[in-house]
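Next, two complexes with chain A in common: one pairs it with chain B, the other with chain C.
The block that comes next holds the complex of A and B.
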């Protein structure tokens, strides 16, 4: 049984990735909504998980759109005054009223407006059922932030009320902060969270009051883990896919060698999720939307490299990741011994050790692949294997094998290093996991 | 740029503490009694049996007050600090302060298989109904925030409530200070007469400074300094779980951990506070109001219900602020 499930999961995973490459419609950068005035609505929806479950969602929606998990990513510019009107259209099981809802903005000095103040709550002013509240804050500092419900957050964050905020610096949208060392070529969001289905079931069947008879809120036991509101392998499916109507965001990072990939990592849930990024170290440049700098203006001079980002609930981390193959000690673009098609130069005009076009690491140029590959008859294949160990090359494969890696890229798993979180309700693989694919220069990245 | 930053950039991290934690080098001491008492949950559930520290009165009080974490104590930088402890509990008890220097005398016992095993990190006060006292001394104190706790069967006795804060010095830029001691209570471990094991630890109550929020009511408050003055925040975790104290809106300058200064302060709105950890931070409230402070691991529940728990407020009073006295100054019985 377990083996069958594993096989099924594997196929799902392959199918998702196949669609992702076939359609070329993966999420470009970070999907979200822009502007200075937002109208968000809290309503119910469903979170579909790959183990076959469908969990009740309380989600933020963009106006009249469906509720979504996570809520809309708000992309704003430094210095702007942001106004958010939150409407409460939540409906609940049972005879009692729907709860109040709210938003808090850690790192921002938010206030509720005098004209639509809502009602006071513990952490923020709240919108009563059928009513609304308007919040205002100034995006004084660039960086990665989050928002979530400040109303009974132990319950409402669990139910899905959380989302990301990105503040673009005045230096421009290719910078994370106002310093040259924070420039990036591509950026991806990794909003990490978890759910305990028992809580969602009680709220759906009995209403939130039913939780009082349990210890689920004080001692949650999550069994599904998310990146950007999806579990693997759905993380790799297209954004906005019809099978996940309330989970519009995916997590499918693609990058060329040498490019600077900005990882925006947010701890959205209640647990720490050590986010382990295979392929290379990443340099942490900021936490909680503040550069790691010794004095203002110094730039990220206190930055440091890690291979597992410590993601803390409610905190954010910005990190720069680069991959070139440096240090592998063999020529990933192939050597003439492997065939005439691999003859190539490594031209380092600017003396940075890298080819000026392909970003090949020139000190490894011409070094032979150090392994004698077994015959195809002696191999089992994964969907990512291109049939060749060489970067950007497609080799021959038995019928029906491979096919998920049309550009001959290298795939690296990015995942929670709390390994039990690589499952969907105890079924491996899944959960808080996606694949970074390094693709050759020239391969399209949407 | 503040003075601290200038100094730090010159690589004077250690000097920083000695300069800015300006308190006279004196030896301080206090007499405490370990007693059994009770804590009343905020939801009307039955009282929970606790063990706590109270000021010593020279005997075992027949009717001890309700439980709270032990009174925060103050030591002086470079000086010694001592606690003379009387024991009114049913088993031996001792005291340790992780991170501070003292002479330990581990206590052993022989288990049922004849093996010699450690029972306590240092000399114990016997369970003799308060007849004897033992004095514990910590030497050459470093500036920072420390956790006083039981050194005997700590998996049980600390959870039973035998913990308190020790503060040493105060940051030179600070005008006021606030102690924020995080802990949890699992009533199931307090019910039986038998030694409870935390293996199946499932806390129901989540406390800051011994207080749980109550669902539907304003969160408990701690003095949070004065507007436009700098507050030295001292976070301690005496519980068994990780918490993430979060200040709603403003940023803090986190400058020390476990009594060790960082070379450069870290600007964050929240603090990762694992079990046994202490963190020192600075914060300058802009105006007089209540600032929400809560656990972002969302232990904001009360006996399973949403609300309450580790919801707290830092109270920055307006005029007349002088009526407010920092919690550390209270000498509550």
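The block that comes next holds the complex of A and C.
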């Protein structure tokens, strides 16, 4: 253990979460841009990583906004015709010209517009430097999709040219697909990716032609890993924070007990990532924007539950996560033995085994905490520990401990289980990791 | 190798133990909590009464050594099983400290639970004898446990972990059968690469019933299937793992830990590379451990013609995904991540395959249905299809492979 590092990271977490909870001005759910017509621009920017590095970014931007990693999440509705004009404002170092750029839309039948077709490339029509190309597709299928550059993708996707598309089903925005079993209360995006800083350094110093003297593109060795374009602990910072001008999206899921949380998990990079979600199983209902159903209209009858989502490059996974604490066999809301503040009822008027308001699992009501916890001196505390084993309760902690969990929720790490990826270029902790916090009913969720 | 390693090799281990004991608090915080057990042995020997459906375990966390299949000695962090040694005694805790020092196992002792048990798992953090500069807390993360609480999740960030010289008792009520795994979650990239990993599975409540599936009667089942389709005659936990020897060498040498360049060169099943995997006995313990056995889990699979063999496969390596496959016989995959492979309305999602790909933190339950007419003496193989990992560092041919011998 390196104590000083832990303290530093603790402070970063602390600042991020403190702001996140107390300012409460972040957008709910999934940040992105909506509409049927989009104007995206490719330009350069910087990806800041928590180890202190700043990597050259080639990113998609929303019009004249800064380039961003990942590109703007396009949120559209099923059945609409989507038009995207992509302008190439990329500038490069070195002797060569700036490259063409493009977009591909796996899962949809996109064409280049006749009025602005760009120039033909291998996977897609492309925009030349200073020029543009317009793509059109009909959002025939709801679901979660990835878009990325179809031009020299080994380089351009590594440099940052990727983003997500969410297609809302005809049934409405609280559904993932057109079936009642896909309804959700909250949704969060987990766009997983990685970078090899050597590639970014060569492109910045010598231009892309400098890579010809290396095997970096054919044999990449990533050392930084991202969720939604950020490394932990920046994943937990506010969306749109000024310290990350080209990384506007965060990953800080919050949910109440009993709510259905839709995880939209995208393999955005070139590696596989086993994405382990602590807390409970999740039911995978769709892959690549197609419901796991045996016949149309059946609903996700071929769905199954996992505790780790194997995220594969280019693939999207939609999964429903729900947590109540059912069956723990002790009353997580506390019993009178623990103190008068824990006296409470479990009222199950609708006979679903859960309290009608708090979602407490009533069969566990009144069962006391099963063990004696050690003295504080014998324990090391996490920043997300509330000081109490009871849900929604804040216990006493030694000075300087805790502090990231103002509502006494239960925090669970959602992370790559290739644990090597919990680092930022040799520094633990960080990387492909965030914290889900389950907060009591009534606690505000932005 | 540097000074500490040589020191351990040359000085009698007893001296090391003595130093270890002297460095810990006199009473520490060692406390084993187990209903019906008065002496802290986590069992009910000596006239104590075991409450119904109660299971207790006492694990220690500390360090030790293991031997790779090519003879390479590796320094590890790990767990060992202290169940059966009285801990809550007036005379002190010398027995516990002696048993838990330099006792790290790889993989960690397999934990076998029954659905519906009340499980009391006490972790006593003995500390790392070879790294007196470290004062790391440790934890037990019951990986995949459904409907977790924060306090018993073993995640240091959201709960508590236990300091050296003290004990923490975890309580679990495993309501859902299946194949899980456990590991220390403190500084996970380091502690898991160093070896704090093990198998954990929950046997189904349906066990003991008799179900007939495809003409065969079964009394043991991977899941509560209702129809015997996950019935088995024998079960084997198989944990995929791998070590980066440069990382372990850096740890024993007290050097900066190479996270960025981590690249595993010792692929293993249950903590051994082939051919050690098919050794049915514990491996000869390194003298550096004080001759405490540290690699107790064989992966030799034996079965008779007509038997169904359940492979409880989990992956807890920290660097990459591995594909594990069979040669000569196919696997019937009936479970994934401790869930029966069925849709919400019961549709059968099981399938037959000769290869499964698992990332860290994933598990699969696969059944080998040995044909009744198989000739005794037949050997099938289970090995990684990432063929470059059929190696023990530079030594071919070994690594992530074992044998299925039909007798």
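Keep in mind that, in the parts below, the second predicted complex is superposed on the first by the 435 of 446 C-alpha atoms of A that agree within 3 Å, B and C clash if a C-alpha of one lies under 4 Å from a C-alpha of the other, contacts with A are read in each partner's own complex, and residues count from 1 in each chain.
The definition used in the following text is that a contact is a pair of C-beta atoms (placed from the backbone, for glycine too) under 8 Å apart; a residue touches a chain by one contact, two chains touch by 3 or more.
Computed from a predicted structure; not experimentally measured.
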Combined model on chain A where chain B meets chain C, clash or fit: fit
Touched partner set for A:270, first chain B, second chain C, both or neither: first
Contacts of A:382 with chain B and chain C, given as first, second, both or neither: second
Which of chain B and chain C A:160 touches, first, second, both or neither: neither
Partner chain in contact with A:403 - chain B first, chain C second, else both or neither: neither
Which of chain B and chain C A:59 touches, first, second, both or neither: neither
Contacts of A:106 with chain B and chain C, given as first, second, both or neither: first
Which of chain B and chain C A:329 touches, first, second, both or neither: second
Partner chain(s) touched by A:142 [first = chain B, second = chain C, both, neither]: neither
Superposed arrangement, angle subtended at the Cα centre of chain A by chain B and chain C, nearest 10 degrees: 70
Contacts of A:307 with chain B and chain C, given as first, second, both or neither: second
Where chain B and chain C come nearest after superposition, their Cα distance in Å: 6
Shared chain A contacts, counted only where both chain B and chain C touch the same residue: 272, 294, 302, 310
Chain A residues within the chain B interface of the complex: 104-110, 122-124, 150, 152-158, 208, 211-219, 270-272, 287-288, 290, 292, 294-296, 302, 310, 312-315
Chain A contact footprint on chain B (complex, rising order): 1, 5, 8-9, 202-204, 206, 213, 218-219, 242, 244, 246, 248-251, 264, 266-270, 272, 292, 294, 296-301, 303-307, 309, 311
Of all residues in chain C, those that touch chain A in their complex: 29, 31, 33, 118, 120, 134-137, 143-144, 146-151, 153, 155-163, 165-171, 173, 175, 185-190, 192-193, 258-260, 262, 318-321, 336-339, 341-345, 347, 349, 357-362
Complex contact set, residues of chain A against chain C: 1, 13, 181, 223, 272-274, 276, 278-281, 283, 294, 300-308, 310, 323-330, 332, 370-375, 377-386, 389, 391, 405, 410-413, 417-420, 422-423, 425-429, 435
